[in-house]
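Look at the two complexes coming up: chain A is in both, with chain B in one and chain C in the other.
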Partner chain A sequence: MDIATLGGQLLGQIPLGDIVLYLTPFNLFMFAGALIFTTLIAISRTETQVEAEFGSLNDNEVKVGLKEFKIRRFLAVVCGLATAGAMITGDVFNFTLLVALIGIVNIGIVSAVKQIDVLNAAFQYGLIAMIASLPLFGGAAIILASTGTLSILEIAQLSFTTPMMFFASVLLILGIAGETGIAPFYATKAEMFRTPGSPFILIIHLSSLLVIVRAIEILLIINKPF
Partner chain B sequence: MKLGRLWNSLANPKRIPRLFSIILGFILLTGFLIPMALNDNQLYPRPVPQEQINQGNPLAPYDRGGEVLKEPGIVISQYPENEPNLGKITSYLTPIAISVKNSTIYYGTSIYSSPGGLIDEILYYTRGFDTVLESTILMMAFVIASWVALNFTMRREEE
Partner chain C sequence: MNLMANILLNVLIAFLIGSLLFGLQRKVMARIQTRPGPPIIQHLLHTLKFFIKESSFPYTAAMPFYIAIASMLCAIWVSAVIVGPVIEGSLLLFFGIYALQKIVEHNAGSSSGSPYGKLSCVRAVFSAAAEVPLFAVLVIIYLQTQTMVISDIINYQAVNGPLIFTIPLAALMFFVLILSKSPYSPFAITKGKDIVSGYETEHFGVLRGYLMISESIAWYMLLWVFLTVFIGPLGILGYLVGMVAISVLIAFINSITPLLNPNHSIMVQITFAFIGIVGSLVLMLVM
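Then we have the complex of A and B:
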């Protein structure tokens, strides 16, 4: 499938040496969405969870401390920017690097929490993110070996697909599934959400959704199934 | 009933890394069945193995020719139109590197071979954005680790 069928008309390119970012309406929409959400997060305050106390009429408020708030806001903004970058990048290796950045920042956003269950889940998620870097970068390397290039614009013009390219795509999608924690590896992330500080937790969610959509676009461009 | 139990077992975070590793292992094993189809037209070419070593070239296997800032060396890139100065610093060697190069023919395979030259050309010029991202990943890892170390182990507030 060529880029125009998937993303619409090619609006422009941002050349950074060999890494060329390209803009189509589809990519620009997701890029703008990620940036708008990042801005909202940067200016918002965290929620406070209110729990009813057992055996009394008092409420127990779970608040986010100032130090914790600052580090989580910083990491959430970095996560949002990395997501926005992954939406418009036109280079397979560049994309995998941005996904790895999202993965490590996601662990950081919950690592500042003082709830043992959440930290345990974050630890398991960290294990998966580390294991997933093998198929993620391995997939990108096999794509380079089997197509001779990493630029998505060049790969889109290739007329052939080999089984090697399909295998590389399977590795790539497995790596992305591990880094972003989609089903069936969702349990670790679902436990991580059980913590106060709502807007920062939501960027974990949004980044994995957008990255998956973009990854599917890249894999369709590489494999040209239709 | 059985399927339900299977789904429930997936809800335990402890099992997820194991499940992931098993799936990854199976997929990597199927990789042996895939016919190797490497593209001969590689973007980043390398000389024939041992060719430069047999010539007694001290820069082997990284000699790409060229003269610093005057004549570009052999560096192929995807979009040469974006890189007007491609290859101009490929042959750059630091003064220490030059003295090492003159004393041994194994300079290219030693640890001295990294400063300047070809590796910098790819790292900082043709694929510079990747290098920025790699160091960003490292920096974020250090930010998280040092924050956790400072606030959870050193200045811990007992609750």
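Then we have the complex of A and C:
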């Protein structure tokens, strides 16, 4: 299978020892997009939510406190860098590692908000993310066991897909869905959208969607449909 | 043609045609509802108007995020024009662009501090949960043509005929996606009038202009991708006729259907996605 049929022409590789990054227009665009958003988050203030006060004509302003702002911004930047790494890596294990990191910092971003509903959501999301790490790394391990490599470039050269590779892909999908909190685990993250902190909410949404798009590319490379 | 000139020309065409198609859509909807309706160039004039109006920013906004996010929406759809008509690149890349656009739509709403923007933001996250499965259409196209590169898909159709006949349910899925991006659509929950203008509520002057330019380019690009990927190699006239026909058809649908509530909107879209994915796979196995 030719990687170019998915993400466009292969522009080059960056070998860093065992870690090989490869560049197609698709990977480069997603990598650049994640970095631009991360930079934006690093330099932005948070918004002030204005809500109508019940029983009077006054407004209630909800702001993010300084301590909460600092820790959430730090975690958001880490999440952005992990997302950028996941977009460009050429190794299934590195991909799963970065997705697990995204899950961990997402829990942090949510749980830094001191509101009961949000903390409950963070707890539930944390449980799902922790449980999902087993199929995530298990999937990568089975791919290594069944192909002898974790390099996406090497896997793309294989001319076959064994049932174990297919099984590993199913585990990977489960793991990615849990770590990024997409449907059907989506409800665990919904509460956090009530809180102020638009730049930090962005990175949770950004990491989920970009990881899903990258996962489609990786899964199509592992499971050669023709 | 010089690459930069090619990009500029295509972006200009996308903006102008997208704006006029929106105008046409409003005109058709008005006529169906027995109103005279605005002139067809109204959307274009409306967009240009915002560039000469005063720009003001709410004091509650997350700066500079609030300004950057509206500008980025424009940049994202210009990237889509480069990936599509200019270089005929990968559909997977187009999906990436669409994902980034959903994120921008989501955060344009939440970054202003307005409760209407915030509600639109939450609805944008909901709608992403429904629109992403609809984009599984790409995988079906890939399974059928063995490529995601647009120029190769065009060549495939030149030899094997339009994909709309071989994978019609995938075409239906993409049509539902286009429908959900049109204004006044039953699925347009992020800009429902119950939340004023949704994520655009607190954007004035130049920023609103950027958002409107992006909408026009987005409309053109979605129609371009649909026609290119499902109908095949078309000339300029073919594209124009196709875009007008789809816009008029969508105007008919929008004028006679109410805006669904968010839960119903998502469930209808997911139902279409499910039917499209399973039906297409079954059809591909049988045929």
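As a working rule, the second predicted complex is superposed on the first by the 224 of 226 C-alpha atoms of A that agree within 3 Å, B and C clash if a C-alpha of one lies under 4 Å from a C-alpha of the other, contacts with A are read in each partner's own complex, and residues count from 1 in each chain.
What we mean here is this: contacts are C-beta pairs under 8 Å (C-beta built on N, C-alpha and C of every residue); 3 or more make two chains touch, one makes a residue touch a chain.
Just so you know, these numbers come straight off a predicted model, no measurement behind them.
Undergrad: Counting residues of chain A in contact, which comes out ahead: chain B or chain C?
TA: Partner touching more chain A residues in the overlay: B.
Undergrad: Does the superposition put A:Asn60 against chain B (first), chain C (second), both, or neither?
TA: Touch partners of A:Asn60: none, neither chain B nor chain C.
Undergrad: Touch check for A:Glu217: first (chain B), second (chain C), both, or neither?
TA: Touch partner of A:Glu217: chain C, not chain B.
Undergrad: According to the stated criteria, A:Leu40 is in contact with first (chain B), second (chain C), both, or neither; which is it?
TA: Only chain C; A:Leu40 stays clear of chain B.
Undergrad: Touching A:Ile131 in the superposition: chain B (first), chain C (second), both, neither?
TA: A:Ile131: touches chain B, not chain C.
Undergrad: If we overlay the two complexes on their shared chain A, which of chain B and chain C does A:Thr5 touch? Say first, second, both or neither.
TA: So A:Thr5 only meets chain C here.
Undergrad: Looking at the overlay, what does A:Thr149 touch: chain B (first), chain C (second), both, or neither?
TA: A:Thr149 contacts chain B only, not chain C.
Undergrad: Is A:Pro163 touching anything from chain B or chain C once the two structures are fitted on A? First, second, both or neither.
TA: first
Undergrad: Give one of first, second, both or neither to describe whether A:Pro25 is in contact with chain B, with chain C, with both, or with none.
TA: Touch status of A:Pro25: second partner only.
Undergrad: One more residue to check, A:Leu206. First (chain B), second (chain C), both or neither?
TA: In the superposition, A:Leu206 contacts chain C only.
Undergrad: Following superposition on chain A, which residues of chain A contact chain B and also contact chain C?
TA: Touching chain B and chain C on chain A: residues 190.
Undergrad: Hey, which residues of chain A end up touching chain B in the complex?
TA: 15-20, 67-68, 71, 74-75, 78, 91, 93-94, 97-98, 100-101, 104-105, 107-108, 111-112, 114, 120-121, 124-125, 127-128, 131-132, 134-135, 144-151, 154, 162-164, 166-167, 170-171, 174, 178, 184-185, 187-188, 190-191
Undergrad: In the complex formed with chain A, which residues of chain B make contact?
TA: My answer: residues 10-17, 19-21, 23-24, 27-28, 30-31, 34-43, 77-79, 82-83, 125-130, 133-134, 136-137, 140-141, 143-144, 147-148, 151, 159.
Undergrad: What does chain A use to touch chain C in their complex?
TA: Within the complex, chain A contacts chain C at residues 4-8, 24-26, 29-30, 33, 36-37, 40-41, 43-52, 61, 182-183, 186, 190, 193, 196, 198-199, 201-202, 205-206, 209-210, 212-213, 216-217, 220, 225-226.
Undergrad: Which residues of chain C touch chain A in their complex?
TA: 59-66, 68-69, 72, 79, 83, 89-90, 92-93, 95-97, 99-100, 102-103, 106-107, 110-115, 118, 121-122, 125, 128-129, 132, 138-139, 142-143, 146-149, 152
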